[in-house]
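There are structures below to look over.
Two complexes come next, and they have one chain in common, chain A, joined by chain B in the first and chain C in the second.
The block that comes next holds the complex of A and B.
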């Protein structure tokens, strides 16, 4: 749920990066963290295991500056992708204004992508949210890998993008597509805010 | 003592709590991790991080309690060598919030608990009815959004 402070003219929105384990959710946040000027970001908080797998979440607060007279702040979260962190994913998803689904383009990860998308829909439904109504974009990450290892975007679209959500091909490690994905979800979230409840 | 609030009805109860209980930091937040009011922080981005972590502690402790004992752990207290943390829910007519305060030897757990109870009572009294969401941004916000994001990513 976006928070709007009319007195100080501030908007705060929560964006959750969702997807299977090792698909590149944390890599997206690391890249954003590395790009954004110091005065526009807070500390990146990572609750991770000793091997740097996300244990609870990563969190990055961003100040996007003035938009239509409102100081606009985004809180970016990732969820842990592994199947057994189901409870944690539900907690992090609470109150999300928008979701970025980070899919792994490797052919052998297709089933994990599908299960993670189903898991997202189930967790949204459990919170009374229609997955067709919440702002959602899909990022097909690791498109830089050799073509014999990955699926092309059309194949991934067929398997994952039931409702025609905006999608972006990406190589998050090197930053390709990260900016476009963030811009895509930001637009959807703020558009929903500008239109009131309803529009994707 | 500086108190900053997102919704005005929270300000006076929080200001009073901070003064009475003599705490260093205080945060009132939504269970989703978004701040409603704060006292004692200097940078808004630090507030956001503290809120994310406080919401995580509250949520995970709640789940842990449910799994171990069938009901959530509601109130948490951690006593460090110099500073202590008190984390508790605040139930109001506008919904459930999380309250976090950090205090040192200037205060005590008993004092914080005492004034926390009064603080929640004042929140309940002050809470206005929930209004339906209203339109915030004009339709042509995309230009400014794109310009600001591009500046962040060095693409301006």
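The block that comes next holds the complex of A and C.
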């Protein structure tokens, strides 16, 4: 899927929220959905299990309307974080224009974060994408938890962000950092508009 | 008119309520015609629409002094238009605006109901947008809420970017007030401005008015203290009147949106925008644009000016060629080559060939097929000959001369021969079909225009020639002479000639002997009036189309009746269907007998069509219904 189609005047951005289970990906999308004005609200599709874990994936279409004469649409997806939904993750990742890695700041979740990040790299590589080339930002979620339970941003940076992607501290439940993250990834993705994007 | 020079971006205070609008306006000023076209700014009154529009104009001129910028309110625009119309100078009016690089149109909400202005504006929009010129409009409401505006115009108004300006928030209000104080060189006590800004004015003008009161009070009675602000302003200022404050609509989302908009504006490539606009425009004009579309997908900007220039030049050339070819033969102008700027050469070729007369006259009508021609003893000889000709054009019977009374299917058969020849040769043989009447008219036109050579050449270029109703050439000496030469040329080249006539060659009075002998030199076959077998076939075919199906026996009855031509048979069926409709019954023998033989029924009186009558006659009181009889009239006169 190409990011921009000059002929039909459309910009379509697919952004995938990636990360370990229960790190708050769906919460991000819910918060964003809650902020969309009523008249612009599309339908958020969430296929969740009975215990509220994302079974398949969440899909939030954002119709931004006319921007610069382009019909601009964002598609926000989350992948199921649980290890055993590997196939779904690969499927959702296909054709992504940008990835938000939502990390869980809890100290005891560090290993899950690392594994999920490795999983992301592997899945991207499988699709022939170098993780350093695709627009990617990292969100350190749950920074609102008591400080003795979580790792600080510098520690997390050391553990996860070894190539210096933009990062955001967040408390997705209350919305802190959610839009900052979305803005960060959007900017990275949209910069690609000018880099010979029409040729794709 | 130039925009007011005081309106600049530098003195426009940017806040969350207008960030998007300002970003868009800046993008437009920096690359007019490329980023957002048209830009539509709307807001409640007094929030800075006119300021922004003016700032676009001024900033753009600052960057490119050669740009022609025009600021006009819709009111002035209409006035100018009316003035132009009254002196019959609409074209000059449109032209004047067509050369503007940036058109700033203020207060377009007044378009409501102005049909004339809308039409003119639509035309102007198309012209401006087609040449990549920028249009900026302001209004107090979004395009789709401007009542009574042509749908096409609305879509154009909304086709670029629509941004609104909300009421200023507290911080913006403070900034605006500070700006105003600086402009006027007024110093107020600390916190006075902040206190003033706490009142949520719905627009900047009211805010300014309040500031003016404070300043006036200060000049009269010395510095105003913070606690005096409320008193000076009298009543607490009116509550927030903005339509929907940004916060309620999800401030985070809106600011995200404005960020996205500015990133897009920065990153969208102007050349691709221009190309895609050109593609849309020329597609709308009916031209093919693959060459532009291919360029659109190139990784790097090609020479856009050169490319568009070449494309436009090619279109111009095509238009000229199309005009030329239309003068020769309008049918050729419809050709696809005149719509494809990549095929200018082909188009030139078509014109050249048309001029040289190498394009033969139009072919037979595909509506007449051989399969649709019913065969019976009355026409089987002609059909056999036709089939032979179609199988071996120019070989066996050349010319084929088909004669017979009017309406027996000569034209159908002649067309069918033509179609068969075209089909059998896979289109290699171009068959020309012309009626003698057209042939004569064309000759006269060619003599008038001095294009006789071309006209002759066209007929000589035909792969086969079919002339219908040759009897109309009787007595036309010049036509016969031309036909004689064409006939010889085609015949000599072994090309098939088919002629139809209402009588045999020997009965054609006023036909030159040399033509007659040539017509008789091939095969002369006749078609006679439909015999019973043919009548039955034809009636069966036409009756089968009738709903509900007619009664049994009708076919027999009708087939037994003589008919001089196929046309008469069709006419009879139509007449019966109409009669059955009126009577409200299905077709049957009784009805047919009644209708065709007039048995058992007086001619139906013409129905009185009351509705068509003048209303006057419907007034009972005014119409004399009972004329006095003769005796009565005599008595009347005698009195």
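Here, the second predicted complex is superposed on the first by the 187 of 200 C-alpha atoms of A that agree within 3 Å, B and C clash if a C-alpha of one lies under 4 Å from a C-alpha of the other, contacts with A are read in each partner's own complex, and residues count from 1 in each chain.
Heads up, the rule we're going with is that a residue touches a chain if its C-beta (ideal position, glycine included) is under 8 Å from a C-beta of that chain, and two chains touch if they have at least 3 such contacts.
The structure displayed is predicted, hence computed values, not measured ones.
Aligning the two structures on chain A places chain B and chain C in a clash. In the superposed pair of complexes, A:140 makes contact with neither chain B nor chain C. Contact with neither chain B nor chain C is seen for A:101 once the two complexes are overlaid on the shared chain. For chain A, the partner with contacts to more residues, out of chain B and chain C, is B. Using the contact criterion defined above for the overlaid structures, shared-chain residue A:187 touches chain B and also reaches chain C. Contact with neither chain B nor chain C is seen for A:168 once the two complexes are overlaid on the shared chain.
Legend: residue contacts after superposition of the two complexes on their common chain; A:85 is shown touching neither chain B nor chain C. By the touch criterion defined above, A:66 reaches both chain B and chain C. Shared-chain residue A:11: touches chain B and chain C both. Taking the listed stretches 26-34, 152-160, 260-268 or 620-628 of chain C in turn, the superposition on chain A shows a clash with chain B for 260-268 alone. In the superposition on chain A, the residues of chain A touched by chain B in one structure and by chain C in the other are 4, 7, 11, 35-37, 40, 64-68, 70, 72, 179, 182-183, 186-187, 190-191, 193-194, 196.
Of all residues in chain B, those touching chain A in their complex are 4-8, 30-36, 43-46, 48-49, 52-53, 56, 59-60, 63, 133-142, 144-146, 148-149, 151-155. Chain contact summary for the complex, chain C toward chain A: residues 27, 35-37, 158-162, 249-250, 252-257, 259-261, 263-265, 267-269, 272-273, 275-276, 279, 293, 296-300. Only residues 4, 6-7, 9, 11, 32, 34-37, 40, 64-70, 72, 175, 178-179, 182-183, 186-187, 190-194, 196, 198-199 of chain A touch chain C when the two sit together in their complex. Here chain A touches chain B in the complex through residues 1-5, 7-8, 10-12, 14, 35-37, 40-43, 45, 47, 56-57, 59, 61-68, 70, 72-73, 75, 77, 87-88, 91-92, 94-96, 179, 182-183, 186-187, 190-191, 193-197, going by the rule given at the top.
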